[in-house]
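I'd like to ask some things about the structure below.
For reference, chains read A, B, C and D in written order, and residue numbers begin at 1 within each chain.
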Amino acid sequence: MGLNDGILNQLAEQVIELPSWAFGNSGTRFKVFATPGTPRTVEEKLADAAKVNELTALAPKVALHIPWDKVDDYAALRTYAEDLGVSLGTINSNTFQDDIYKFGSLTHVDAAVRRKAIDHHYECIEIMNQTGSRDLKIWLADGTNYPGQGDIRGRQDRLADSLAEIYARISPEQRLVLEYKFFEPAFYHTDVPDWGTSYAQVAALGENAVVCLDTGHHAPGTNIEFIVAQLLRLGKLGSFDFNSRFYADDDLIVGAADPFQLFRIIYEVIRGGGLDPDAGVAFMLDQCHNVEDKVPGQIRSVLNVQEMTARALLVDTDALFAAQQAGDVLGANAIFMDAFYTDVRPDLATWRESRGLPADPLKAYAESGYQKTIETERVGGTQAGWGA
Amino acid sequence: MGLNDGILNQLAEQVIELPSWAFGNSGTRFKVFATPGTPRTVEEKLADAAKVNELTALAPKVALHIPWDKVDDYAALRTYAEDLGVSLGTINSNTFQDDIYKFGSLTHVDAAVRRKAIDHHYECIEIMNQTGSRDLKIWLADGTNYPGQGDIRGRQDRLADSLAEIYARISPEQRLVLEYKFFEPAFYHTDVPDWGTSYAQVAALGENAVVCLDTGHHAPGTNIEFIVAQLLRLGKLGSFDFNSRFYADDDLIVGAADPFQLFRIIYEVIRGGGLDPDAGVAFMLDQCHNVEDKVPGQIRSVLNVQEMTARALLVDTDALFAAQQAGDVLGANAIFMDAFYTDVRPDLATWRESRGLPADPLKAYAESGYQKTIETERVGGTQAGWGA
Amino acid sequence: MGLNDGILNQLAEQVIELPSWAFGNSGTRFKVFATPGTPRTVEEKLADAAKVNELTALAPKVALHIPWDKVDDYAALRTYAEDLGVSLGTINSNTFQDDIYKFGSLTHVDAAVRRKAIDHHYECIEIMNQTGSRDLKIWLADGTNYPGQGDIRGRQDRLADSLAEIYARISPEQRLVLEYKFFEPAFYHTDVPDWGTSYAQVAALGENAVVCLDTGHHAPGTNIEFIVAQLLRLGKLGSFDFNSRFYADDDLIVGAADPFQLFRIIYEVIRGGGLDPDAGVAFMLDQCHNVEDKVPGQIRSVLNVQEMTARALLVDTDALFAAQQAGDVLGANAIFMDAFYTDVRPDLATWRESRGLPADPLKAYAESGYQKTIETERVGGTQAGWGA
Amino acid sequence: MGLNDGILNQLAEQVIELPSWAFGNSGTRFKVFATPGTPRTVEEKLADAAKVNELTALAPKVALHIPWDKVDDYAALRTYAEDLGVSLGTINSNTFQDDIYKFGSLTHVDAAVRRKAIDHHYECIEIMNQTGSRDLKIWLADGTNYPGQGDIRGRQDRLADSLAEIYARISPEQRLVLEYKFFEPAFYHTDVPDWGTSYAQVAALGENAVVCLDTGHHAPGTNIEFIVAQLLRLGKLGSFDFNSRFYADDDLIVGAADPFQLFRIIYEVIRGGGLDPDAGVAFMLDQCHNVEDKVPGQIRSVLNVQEMTARALLVDTDALFAAQQAGDVLGANAIFMDAFYTDVRPDLATWRESRGLPADPLKAYAESGYQKTIETERVGGTQAGWGA
């Protein structure tokens, strides 16, 4: 079972969006370890992202986070990125690091705080207009830590009002993408905790409002591929935040914790038509390389997505549907697993070489000297991180 | 802080619906323990339910499960119940015990199986017409055990079609109530696994289609009161299946595992207007008394709901909203907890007596001799259970 | 990276023990679906197990469950098995289906119930003496459903006493293997819920008392391979009950839910010397084929274990230790994943053929006509199941 | 059911140890919110802790964290504390914030790193000698994020060696207390993830090595009171880190998330003799007041423990044991719940006043002006936090 031209053609169109913040330092509440070579500026982050794309041809887009990636001249930044061979992608807003957001942002009881949070999104939309970005992604840290602390119902109503104001400002070519998250940083209740809430909120807004599914934002035991299938069915799967996790929102490399889950997720993407560029599904990474090197961590990540997409495309869907129709449990499962267990890596390496790419991008990175260069050159200044 | 007249008036209107099957035997896949006195017929189940209502005035309705409670003459059964002081409530369908449902019912790949499952619901609606029941409750065991076994997306589409056929048959006074369940008896994927799916499905049907929230059907860590608040906000909370659980769908006595969670749930019911009889929320029990006596188990359950409702009504909402508005985390939480920690039992006992009810219904039951009577009289025949 | 002779030699020694009950009917509390061809007797179960072994050479042992597999003449049963090419393995006791065990067995407050449970184990030991079995495996359903129902501490002390009586009866060549389980059928507390409890109990007994690790008996998020490593380190890993699960104790086919987890578990077995026959680790299956065919379900299972063992043996441990020593996170992980992603199936097929086995045992089974034969011949009688 | 003298006498002996770090700022990886009045020095932390004790008479001990609470003169610090009416308690080591611990401390592959980590514990023991502390508490952040990253087995062996070196240094009056934690900050594997590991490690060390149970460090669904009962039975429950959580290690106020769980835990403490001062169980808090005021947060916490202890002492154990003996599930549970639902707060308020304490310590704190004073006086300098 090899990768035929039909599969390779689909793989050739695959676009994975890198998060600028993956190149910065990150960690836990206990400690953020710094690493040599970490970017100090958004331009350096873009350079690292471009390196990933150069070696893989998989990552031509970079998502920005505002205010972490604020610059004076976004048109210049756009040109800078394009000169590196990448484009600016999703704009991510941030309403969780200003002191006034301690008790919420778009859901806050105080209209002045909500105003400030809405205005921040207006600013993001303005940036999108300059960067040419399609998506405004909203992840909220809003929630409470103690029962009684907040009024769950009132907060949901205020959220709806705030989102409506933001949605009214986006252009017909732009989208509002609402992310949900099970828990953290709020511990008792989260204002957008599940896909149902995100769906109900964006459905009330209109056609250009969609859901972002972060693969690490679910309760244990949740069948994530079911949600993928459902959101595609409802026409509301806007984007993925890919990463993996063993227990909480670990933000590990996609596919690292449960490769078979990633396979099942991508299979449902394909089954629901989500791999078609017209479907508008953005495939983003959202990861933290707390203890591993960042650039190769991103290379590993995009390769994992590519390899798993190749495996999922290998599923013999005709045979599978026939087995499903016949109630042949073991037969259907065997067809499914056969694709998963097929080693697609040699074929992908050959294909990469045929396109002028390194057969082994990680080896190519190690041999490129890039890591040593950035470690040498990026001295002084403040390394980028979540607070910067 | 005592129970004032306003609170007692609200409590006086409280109606909890008992499940007929709670009086039959139940257990686990490992063993179903039989108990003396267990009903052999639906009439005996109704008698037991009526006893619960006689001692508590809380449970004037009994939900039936078809085919477990099938009889030849539902009009006669209705009269029988009314003579005992109770009425027939929700009709629960069953598409999980016939061999042809091994691979699904409303979602099955085979149109003939779907037909049979839809027809079963038509039969249930016909029974509702005779029993005067308002609600058709649908819980599906549909799902798969192995990845690849079924087509998640196709099953969801077929579910929508099947539900539409059923919905078309109910009268304007009736409701279709769709329950969701995280897992079991299917282990890999469940066709209605979460409130979002149930909501999306019933929203597509129309106004008389609503969601049933079983408190034991969620992933660990799920904030259930949030879902209560959200469904009330969306106008789609149709009914509760009350029970409690430590890990899976344990179906223990409501309030037994996490009393504070029950408090928070009922608080959100009140907050969202769900206690108002006009809201149409049915408060049902759905429990299994695997190792404890069944009639007193049900008495304990309705008392738990009543006591917790009393506590939730004690919350000083003006003070709470003021503390929430002020960002006073500890103050708001203290107001909330103060109500929870108040011992409402003495006031409720006094109030019961003032209404001609026993102060301690469990003691009254023990002294009534009812248990001894049913143990003596109900000899021979086949005790009711899930298979009967 | 192919399977060299060293690896194949280790694989050639692999012994997987089949549970007799996997060939009988099983299900959930909602429904047990019957299937044509299901054995009616222990002899028919042994025939099915022998078929699995004939096609795979992986499963020369069959574990029995008492009383499900009780016969009058165990010496005859032993001969019967040996004539089929298999031997009788672990004896599993059952103290969860008699009415007197409703509130516990080895932990029961009533000495008479404990006596009966201990005597049952004496009977099992007597059977072991006749079957030549080494291991007495004890899984207890003991526990409680409600807080306060039982005295956790007292039950633990009584458990210790009961186990000591049983342990005193086994011979120096025999072992007492104590299984732990997180939950089910008890919902509030389980008397042997975790490896720590099983370890503390068997450590108090002596050298011939060890722990059974059922891969489905843990809380979500538990790192099972860590427990494998720890029990091997402590010299107390007696046996595995292999299966897989998505949420609870689903008893699905081993490797079906999370293949990578199985890889990690087997890697730690190898790392800790557990694959060495002298280590005394029994590799058993403990599965329920609720909706899939049973004989091919078992074939699939033993192949999954074999294939994953082959992958785990492929790990380049020298390179891995070097990368671990160097703090090379991505490098170490890559070495680990490289083995996992290698497709060992072609090599294994070739190797099977070289040993006179079918390249594809499942295909060989389908073509053998065995399934049709048992469906035709096994008519009438009572199909085996958990209650039989 | 009121609090009799026997109960009040037991409550009078209750000692809860406050963590110095609870008075500093804390937060999540997303944001640490600062609050006015936060201590800048260990002396200011001690002053805040002393205020809690002054108003409650419950918290005469303060645990220190090294290096966060390092001073030049511990004898002076001890005197300073004693002048405030409190004593210095448990010394907590920290091997997770130095860059060299990125890949572990006591388990590190590099002997030089282990040496540094062991030496840090020697330093802690030296501090204990000066502060008069009994307990050295070790919580390790050691673990890995990716499968293959570390050698689980080797790390466990090195842990044993390192602990043995540390244990050899403590005096006969001192104890080594080893904490376990399910996950975080390591995501794939934790070197001391469960009580079984902690127990196995301390059992190998000797009598003065015991286990610390942090109530927030378990997988979902874990029965924590079972572990309490088991560790007391094994003579190895050294201390509690009290807090509460909804999902992960949320470090919320003890009793805030699941009051009934706290009740069950304290009941097992009493049942196992752990409330007896001779049992040597240290009752510490380990909490983070991320969004609520810190001093009243600690007052709320110690009151929660006191109130729940009072409830647990109210359990009619004679009646409970009789019901358990009789297999009276509902009766036993009712006795248990009766104590939980009893409102002990009025009796405790009266008792407090009789001892010259404020009836309502939180109200007394609010009226004391202390908060305003520290907000006014503690200006400038660097507020204490986890990094300081």
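We take it that a residue touches a chain if its C-beta (ideal position, glycine included) is under 8 Å from a C-beta of that chain, and two chains touch if they have at least 3 such contacts.
Everything numeric here is computed off the predicted structure, so don't read it as measured data.
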Report task. Identify the chains in contact with chain A as well as chain D, in label order. Result -> B, C
Report summary line: By C-beta contact count, B-C versus C-D, the higher one is C-D
Query raised in the report: Taking each chain's centre as the mean of its CA atoms, how far is chain C from chain D in angstrom?
Result: 39
Requested in this report: Compute the distance, rounded to whole Å, between the mean C-alpha positions of chain B and chain C.
Outcome: 38
**Report entry** Touching two or more other chains - residue numbers and ranges from chain C
**Finding:** 102-103, 145-147, 149, 182-183, 188, 220-221, 223, 246-247, 256, 260, 291-292, 329-330, 333-334, 337
Report task. Spell out the part of chain A that touches chain C in their complex, as residue ranges. Result -> 220-221, 223, 246-247, 256, 258-261, 291-293, 296-297, 300, 307, 329-330, 333-334, 337, 340-343, 345, 362
Report task. Please name which positions on chain A make contact with chain D in the complex. Result -> 26-34, 96-97, 99, 102-103, 141, 145-147, 149, 182-185, 187-188, 220, 245-248, 250, 252-253, 256-257, 290-292, 386
Query - Sites on chain C touched by chain D in the complex - result: 102-103, 109, 145-153, 156-157, 182-183, 188-190, 193-197, 199-200, 218-223, 225-227, 229-230, 232-234, 260, 264, 268, 271-272, 320-321, 323-325, 327, 329-330, 332-337
